[in-house]
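The structure follows.
By written order: A, B and C. Residues from 1 in each chain.
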């Protein structure tokens, strides 16, 4: 009976995950005329694509780190407040709104005539060109990822036995030492989860890089979009896709938590 | 082990079912003669005219849009049924080569006579066997004279000016962007000369500090807000922007630029060929073309309609250039898959080099 | 040096008055147990001493030093928590080392002290074990080792043995008592288990609803509880109502009995307590009261026999004597085994009275 219940899920996995992945791997060995070739892989390993990969990793890394720096204290604070659920809801609600809408909203905020610049103007300061910049890209990305980082960290911190903190005070630890020696080590699982949820998608952001960074930031996602839609080079696009999957698996392995086993 | 075999077998089974199913669905699409499937760019026809066509002919129109030639080609290649399609000129060349178009019967299109002769028999379809011009335009420089005081942008090189740091928007299209760089060096924008292209690449890289972004429709919203000072855009998009932001000026640099055409064509997957001809003929009607030009806002190749346009519009040299300028304009040729890829990779590399 | 003085401590949590005017002094080097049911405030009292709760009003002194403003991490007190609160991400050695590392004790000294603490608690073989691999009793000992390695003046234990099964618990009781005697520091132990309290303590504080009802040695509290509450809480008891006739004489059910208490005004209604193990079964008419045997339970160490006297009151008897249900017998107890309690008498009055009349009657 259990087997039968799992059938819809299995079917789904097969049709929408396993088959497409195989298809993609197959295509990655095709050139534009449909012949089998290793050319795509050779090209990916060329300096330009490697540069882009490193670039992608760098941006994803930056975004993840900044998101972590913002999210950890936030999660810590919320775990000490009275109405935790309420504050968590405030953090989560933006995720209910479509990512594209949020991005457009940011264009309104960061634009030369947008809210931020209007405030600057009011204070007699010079307006800044915020849109289509690295700053804009990272800011919007961080904003989008914060809820995904806050939740697992919060759960981790919240799950720590309160007595452990008392015990650390009892043994002479200051509030800061309690944080660094007890809370942080015990919340690492949550941090790892958060990093996974942030870093991996950040590698493939392409709408964001177009709308907010003016395509000046080229991620692996951008390259895939370009190859498939503009160049019609499904082979190369698939190759980049294959590498993206490899990187994702790599990141998942590195950040796997004790409870999972990949 | 058992499980693995079951998984693979079921994958193949399901995959097969899907392939077969979609094939079936495609074939059973309606082949009624009172329906017309039209595939066009977004916001590229006055919706009233579609209604008018249905009223006059009784043919129901199923209207679908695309936002790039490449996206459109994907669907066409899959033999999705469309009766009328609107490819750009270089795509017409490609589609001809791949046998994706059906010939147009001029006898069924009496309104051909309305088309300005200058726009017939062009290099991408010499006998207009497969396509007829729909709208045309150029690629040029859109700028705000108030924030770029003293500059006249009569030459492409002005885009490289140091004062335009982080203030220039470029189109996210390899032909457009590399094209104008080639033009700035006096080369053809259809060049397949490696030396010329290398030179263009290096010159393009020198533009990096000025580049604010390389995007598509986003240019419109940004220029409307004066978010950037200069943009390299299509004349059609420029018209649209200038409608909202009257400070801006559009100009065609003296070295020349691209002359683009969007055309009407009948794909090989068409089922209602008579209806397709009727539709094309309808669009070429003087009054219909006039109303359409008003609504879409681009430059019309319809001479009969042109005569009836407002003086202001007719005389706008930047949108209806004089003979002299016209001679310096080049139409995009299809470069073939290898060179197309070369251009595209070049642009991608350029994007990657920006920071 | 380190007596702990609580002066007029009051604790409110919101509207609830948890601790009411607590005055007590813990002397150095003794094993104290705070005993009481859930909600009586005993854990709160412990937390105030430990610094985990700031008392609403009142003063806390360690020796001469006022501790009110001093946070938990700066007090020379260590706690053994109910669930041990061992750090799961550290092994046994690192757990024990925690406090020493915070105090920046040198590596050499640290190692020596840890070694000693582990030896004290019989954990030398478990030095590098992971916490998850330990049994309840072992975790208990790690918690103790982690606390004592810091050489605190005072050790607080919050119901530390509650999680252990009975046999282990009894073993640990021995260990704890021995440990306290070896270390010579003050232990303050909180529990709701009166047997435990009796076994471990030098002195017991019985608490009820935020008050310390009675404080004294286990024997004193057991033999001479202040009132019904204490009598019921500690051990089992039979309590009947009666009237004080004169010093040495009390009337129960209208009959006069000799007793050994005095100092109570004639005619005062009192309660008389007799422990079940002090009652003996005798043939009918030969004892103090005639009773009918109601039920017999075999408890291993003795029979627990419930009998009903002619007034309907139930007496509980612990005896090795055999009898049968329904049999009519009589119960007997010595005059020394009767303990008089005056309802409403305060602890100091009570102590005074006992002192005066002890040994006289």
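Here are a few things to note about the model shown:
Going forward, a contact is a pair of C-beta atoms (placed from the backbone, for glycine too) under 8 Å apart; a residue touches a chain by one contact, two chains touch by 3 or more.
Just so we're on the same page, UniProt names per chain: A = Spermidine/putrescine transport system permease protein PotB; B = Spermidine/putrescine-binding periplasmic protein; C = Spermidine/putrescine import ATP-binding protein PotA.
Fair warning: this is a prediction, and the values are worked out from it, not measured in the lab.
Distance from each chain's C-alpha mean to the overall C-alpha mean is smallest for A. Of all chains, the one whose Cα centroid sits at the greatest distance from that of subunit A is C. With each centre defined as the average position of its C-alpha atoms, the distance from subunit A to subunit C rounds to 57 Å. Here the CA centre of subunit B is 91 Å from the CA centre of subunit C. Rounded to a whole number, the gap between the C-alpha centres of subunit A and subunit B is 35 angstrom. Among all residues of subunit A, none touch two or more other chains. The touching residues of subunit A, counted against subunit B in their complex, run 10-11, 14-15, 18-19, 22, 32-33, 48, 51-52, 55, 107, 111-113, 129, 131-132, 134, 210-211, 213-216, 218, 222-223, 226, 229-233.
Within the complex formed with subunit A, the residues of subunit B that make contact are 7, 10-11, 14-15, 18, 68, 70-71, 73-74, 166, 169, 172-174, 211-216, 218, 221-222, 225-228, 337, 340-341, 344-345, 348-349, 351-352, 354-355. Those residues of subunit C that touch subunit A in the shared complex are 50-52, 71-74, 77-79, 81-83, 85-89, 98-99, 102-103, 146-147, 150. The touching residues of subunit A, when paired with subunit C in their complex, are 161, 163-164, 166-174, 177, 181-182, 185-186.
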